[in-house]
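What follows is a set of structures to go through.
Two complexes are shown next, each including chain A; its partner changes from chain B in the first to chain C in the second.
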Partner chain A sequence: MVAVMTKALPRAMAAGLLALLAVPGLARPAAAPPSADEMIARAHLAMFYPGEDMRARVTMRLVSRAGGERRRELTMTRRDLQDGGEQRYFIYFHRPPDVRDMTFLVWKYPGRDDDRWLYVPAIKLVRRIAASDRRSSFAGSDFSYEDISGREPEEDTHTLVREEKTGARDAYVVESVPKDPGSVDFGRKLSWIDKATWLPLKEEYYDRRGELARVFTAEEVKAVQGFWTVTKRLMKNVQTGHSTEAVLSDVRYNLKLAPDLFSERALRAPPAELTR
Partner chain B sequence: MKCSLFVVAGLLVTAAAGGVAAEEPLPIHGFLQAASAYRLLRPDACPRTQRLACEEEFVLGEGRARLEVEPRGERWGLTVKAELIWDAVAGEVDGDLREGYLDLRFPALDLRAGRQIVTWGVGDLVFINDVFPKDWVAFVSGLPLEYLKKGSDAVSATGHWRGTSVQLVLTPRFEADTLPEAGGRLRFHDPMAAIEARRTDDPSPSLDHLESGLRVFRNLAGWDLSLYAYRGFFRAPAAEVEAGPRLRFFFPPLDVWGASAQGAALGGVVSVEAGYHDSRADRSGRNPAVENSSFRFLAGYQREIVPDLTASGQYYVQAMEDHAAYRRTRGPGMARRPALRHVLTLRLTRLLWHQTLRLGVFALASPNEGDWYVGPEARYQITDAWSATVGVNAFGGPRRSEFGQFEGNANLYAAVRYAF
Partner chain C sequence: MNRLKFSLVDFSVRHPKLVVSLTILLTLAFMTQFPRMRTDTNPKNMLPATSDVRVWNDEVDRTFALYEDMIVLGIAREGGVLNRETLGKVSRITDQLLAVKGVAARDVTSFPTITNVTSESGTLKVAPLMPEVPKTDRDIETLRTSLFENPLFVDRIISRDAKTTAIYVPLEKGANGKEVADRIREIVKKEKGDENYYIAGDPVARDTFGAEMFTLMAIFAPIAGMVMLVVRYLMFRDVFLSITLMMDAMISTIWSMGLLIGLGFPIHIMSSMAPVFLMAIATDSIHIFNEFYFRYRERKDKTAAIIETMHAVGRPVRYTALATAAGFAVLLFMSIVPVQVFGGLVAFGTVALRVLSFSFIPAMFTFVNDKNIERAAQGEDVSLSRSSQFLKRLAGVGAYRPRTTVVAGLMLAVVAIVGITQIVVNNNMVEWFKSGSDIRVADTEINKALGGTSIGYVVAVSKDEDFIKHPDTLRYLVSLQRHLETLPVVGKTFSVADYVKRINRVLHDDDPAFDVVPETKEAVGQYLFLFSMSAKPSDLNNVVDYPFSRANIWVQLKTWDARAMEGVVRAVDDYQRAHPIPLELKPAGIAYFNLVWNREVLWDMVRGFLMALVVVFVILVFNFRSFKWALVGYVPLLFTILLIYGVVGFSGKRFDMPISVLSCLSLGMAVDFSIHFIGRFKQKLGESAVRGARSSADLITESLLWTAARPGKGIVRNAVLFAASFAVMMFAPLTPYVTVGAFIVSMMMLSALMTMIYLPALIVLLQGWLFKEGLQWSRS
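After this line comes the complex of A and B, so read on.
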């Protein structure tokens, strides 16, 4: 078709068209970089939806500016009801001692508030947790609930800023600006998305005044059963100097977890394989 | 709930043996805790039966060592939580088996036998269908809130079928609420203070006095729905004067029917609970010793206002049946309750410093009876192992009312815990 058109057009215009075709993206449609929206959507799936379900032991180190350290150890399981959609999380806390044996259940729905339950073993109480704010800290760490279970890509406007290497890896740098600025604590976010795995290798959160507030880095990425997994994550609050490192071990995907695991029954009596 | 040190030691050894049978080394957990509560108000007048309560400066002064061993297998688990308590005010040492039960797990059935804590209902310090034993002395004295709940020596079976669960709790051994009593350390309203001779009739251990509770629950569209039924006894004793004169305490029969619902709505969590307390021995309401039947209703709302600041409020109403008969049978010195008791509660919880500092306040008041309770508390998690708590328990209102009677126990409490 292009050939037919060139015949009918003056040379100058034809030259212009050829110049356009020379732009790499247009010349090779198959390798065209996806839109920024698609990049974030793919990163969202790669980070928060690999496999149908998963289980991992998570060790978090909370380090204050002064170097004081606290540890949180938990077993996390996740089951997807559909890719990119509804999810269920079940968490068993191993330590510190004051939260040992506590269990936590989240039913996550895209587009509306989660249902959350916390089980307090000391008084055998299942307590419903108000979940209106997904930016709340998870277990006192620098990770918010949203950092752990993902932020809906549709909540922000995404723009591809540039492409660059981070470490040895080629990445797209995407800027995300919340559509509803009042709903979140950041004004904008920059994500470095790995071209090969689609995992976010680094994220910078800027506060509403434009100052850098928090930095996420994927410190270690491993393939587990064919799924690229960030097995060591660091979230640093550059304004307070506090940081949290989360290390995932014993990661398993596609365990065929029973729906029953994400119920009040499991909250009260978590299966033995989670509590060890 | 106290039992001999030997029983506690024996159970710990059994649990340890169970741990040896399990494949992995058995972790031992627990804590050491020192707690005390200083009485803030000195009463001016004091009945003879409460002389100790009027003289004692400390409502609480104790050291506690807790050991927890929980060997678990695929299909079974054993839980033993035992405490050694040194009461510094009384100069006594005692042991307490807080929980000690065996769990068996089948594909659609969970069995639990032994001393266990059972918590039902959606109320926050307001109980309608949670008819299980409570320790109000621990609550008033400033012990950590978990001590408000006491274990039941019971068998519990929970069956699960297509998302619906049914729990049956059978309790052969009756356990009363722990309430302030004559000669104890707490002030309370004692209408029969002049009668010092007292005895208590325990409904245990006869088998026709078996208590049974049934709960049917399921989640429907994100809402937790429960139905409850209970046949047993009032946990607080009724009192009548016998020849002597002597005061006889006994536990009248009680049936409870109720329901609750809890779910996410209006940007927070909404809770609703209702129940009917059927006082089987006094359906006419004419027996002055036995509490009348009542209908109870609770509505609550909880919301995270900003990250790490949560507020919740409840409205509770208790409607007494046969109030006219009740009014006619009141003797001198006895409390006269209105037909309706309204209660409002408010709780604010603020988490600071990466959730290591928790500031909270719980307030409860009855606008029509005039009694109230306020409990501000600060808890700091110094390290992962050490924590410290300070708080105040304050009560007020007419001296015969539910919380007003505890006014003289207002205290400033502090506790330090090392957990492992």
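After this line comes the complex of A and C, so read on.
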């Protein structure tokens, strides 16, 4: 799930980041806000690319309208090949108990479909899984694959709508409209981007009828090794009443994870530090 | 009580203007409530939200993230639907459906949205079946293969002959099925080509019926009123009096509906029928008119004629009203709220009608032009009038050949009872529409091609978490499904076991040998987890609950017959008895709701009917002050009811909701004629006996013939008027209205006939028993 999102605040890091992303932004006077495209690009990096790699224990609670609850517990690792570019994810499932030892590997490429593999321990089989729909649910939760690994900023047209406080935080409110409306399940999205950390604090997804469908909120943000990280996230489907809460614990960045971890072989025999 | 009524008549005749103005003022006061009218056409609300079946169904809906209501859009093409053009339409239509208000867009099931699990060159794919319209013939062949190799699709979204596909459109809570169906019609209308589109499903039938019901009431109530007006005019040749009679019905309708609305009740299917019922009941006042004309001819004094008329018919009119009101009032003791409301409404209206008969009508009589009455009264001579002569002959059949009449009647009754034993209890809302109607056609076509438009559930409930994941449990579900599919009404079933089997097969390179439930619970858990990694959340939620302690089997039925679901429930019970398992198997869903609802309303009405039978009998006993006479007066009523239900049984017409509602009406109305006939007969006999010295047998015969000719004319007029206005309903496009029309026409004709022939026969035959104390009987 969810991966990672964080924010990098260390000054050196921030400078590098800014240079990467937003050359015109730097040239402007400090008071002038960056363009909406830059805001989204920064938020994308802050949320999905902090550090070179990371590991976290993720506990998801899927809560149905009736109050029924399903739990998923997993360890997730991520390694970036390039900021804003290619990434690899390795996920080990702890719970529910009957899926223990299932592992999941994702190679993510900007601009084309991911590669995904899944190991099914009951039949000792690794299967490649087609990834045609990035909007589909991740493990039955209210988060889609895209919510977890990020949506390419270039896929939408962004407009700054207003600036306002959300909670105690000053935020930019950016509206994003998909360039290819047929490709996604939402008609537009509003993001509240924190001016200080660039993290999205809240997102509202409207369906194609213009009705509010899903709401994301960053419930808890912590600095981990200097990277601002949303450690508790909530995605609520306001139409079905279903919601998913994801809590990240034991977050570590820059572990110098070995590239081997992100291989088919590791799927069958994941390293001990992941399975604990 | 008599004194009070007569003084009301006296008062009204003496202050007609005051009485009429007061009536109009009161009517206007009730009318002020009309703008607050609310309607509720959802049959679901026949049962309170706290009823077991609704609570359970809501729980099932919540547990499995289901929708109460689903519309099925069938798309059929003679040459098959698997071609680029038709698929393009399917895709375009689905896309537009998602934007329709009231549609639960995320769970619309159609080619572009349904989850498909396949294996392509070693890659497992869990994705929508048709994310985009196939471009080449090869793409189409691939689609065809995926469709037919997946048992989850066949009979659900594709027919076996590939000529029909379906889009399942779930509705958000509170959405109006007719409005969504109308939007869907607009969307498909834009598509050209040789495809046929069929829109079916419970919400469409229900909400269309609801909408048409009010239109029909708005059309048929006035037409029935007009017919009555014309028939009355033909009978009495006086426009003013005919309109007075009409007003009588209208005023009581306005009072009762105003009261209902004022008390804050919404208008249900049943209470919407009240105006027509009241109009029918109002025809009873024709006895007043009938007698008035005779009296006027004899007295030539309007005021005296009015008072004498009321004196003569007051008692039967009061008692018939009492019987009718009581027949409906027993419904107040039933358990279903709309039935209670309906009973109370009509009972109130009936009482209002009678109050008007003793005040408003006499008052209006005083305004009639004397010359008109005189002209009309010319025809009211018993010896001259042809209809009176005919009625005399009719009564003569019974009076002169009593034995033959009674034996013939008994034989008919036996035949009728045989017919009654053939009655099939069933209800089918779709069949409330005529066979050529869009809704019937759509339902028939879709049910012919696919699994069925009516959906029921069988919920397997265990106390233990993860019980459903056990391979044994899943295998049990599979064999239960196979067992249910042997029922002809079951078109398709599916459950979580179908997903598990499908994934097992796909994971094993599509090897058909693996199209089974796997061996271990871990495998089941992992397959389902894998499935949930990519499928829509609803795919799994719809078939298992969160702790995997409950599973939901979908049962698609090919008919909306309440009996179909009854068969499923029985089959489940039988299966479980033969194959015990620690699971509770409970029915749910709209099909089950319809079953329960029908059963409850139906039996509630039957209970009410039986109660009304007793109450009406008691009223007869009071009216005649005699148990014996009550028994005799009861015969035409019983006979009419026996005959009608006998015909219902033989004709194969199902005993459904509308018929059960009518049974109560028939009681209150059919007994009227007996009350009038016997009441007036005894009155006449008492008068003659005092005067005459002839033999009692002759006296009885003579009085019977007089009764048939004079008050009998009122009875026949009442029956004809009643029948004429209800005959209009036989042309309605909705079958319950046709049923109501046909039922009432035959009931009126039959009970009039029974009264005219059978009562004389019985009275002649039983005179020894009835007149034990001799003929010296006075009206007291």
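As a convention for this text, the second predicted complex is superposed on the first by the 248 of 276 C-alpha atoms of A that agree within 3 Å, B and C clash if a C-alpha of one lies under 4 Å from a C-alpha of the other, contacts with A are read in each partner's own complex, and residues count from 1 in each chain.
One rule holds for everything that comes next: contacts are C-beta pairs under 8 Å (C-beta built on N, C-alpha and C of every residue); 3 or more make two chains touch, one makes a residue touch a chain.
Remember, it's a predicted structure, so these values are computed and weren't measured experimentally.
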{"item": "Simultaneous placement of chain C and chain B on chain A, clash or fit", "value": "clash"}
{"item": "Touched partner set for A:L118, first chain B, second chain C, both or neither", "value": "second"}
{"item": "Which superposed partner A:T275 touches (first chain B, second chain C, both, neither)", "value": "first"}
{"item": "Contacts of A:S136 with chain B and chain C, given as first, second, both or neither", "value": "both"}
{"item": "First, second, both or neither for A:A66, with chain B first and chain C second", "value": "second"}
{"item": "Which of chain B and chain C A:Q239 touches, first, second, both or neither", "value": "second"}
{"item": "First (chain B), second (chain C), both or neither touched by A:S263", "value": "first"}
{"item": "First, second, both or neither for A:R128, with chain B first and chain C second", "value": "both"}
{"item": "Partner chain(s) touched by A:R95 [first = chain B, second = chain C, both, neither]", "value": "first"}
{"item": "Against chain B, colliding segment of chain C, chosen among 345-353, 507-515, 561-569 or 759-767", "value": "507-515"}
{"item": "Intersection of chain A interface sets (partners chain B, chain C)", "value": "62, 64, 70, 96, 98, 122-123, 125, 128-130, 132-133, 136-137, 139-141, 185, 242"}
{"item": "Chain C contact footprint on chain A (complex, rising order)", "value": "62, 64-66, 68-70, 93, 96, 98-99, 102, 104, 118, 120-123, 125, 127-130, 132-133, 136-142, 182, 185, 207-209, 213, 239-240, 242"}
{"item": "Residues on chain A engaged by chain B in the complex (per definition of touch)", "value": "62, 64, 70-71, 95-98, 100-101, 107, 113-115, 122-126, 128-133, 135-137, 139-141, 185, 242, 260, 263-265, 269, 272, 275-276"}
{"item": "Chain B - residues contacting chain A, complex", "value": "24, 29, 31, 70, 72-74, 77, 103, 105, 110, 116-119, 122, 145-146, 148-149, 158, 160, 163, 165, 217, 219, 222, 224, 262-264, 267-269, 271, 302-304, 306-308, 310, 351, 354-356, 381, 383-385, 387, 419-420"}
{"item": "Residue numbers on chain C that touch chain A, as the complex places them", "value": "59, 62-63, 65, 95, 98-99, 101, 104-106, 120, 122-128, 131, 172, 466, 469, 507-508, 518, 520-527, 529-530, 532-537, 540-541, 545-547"}
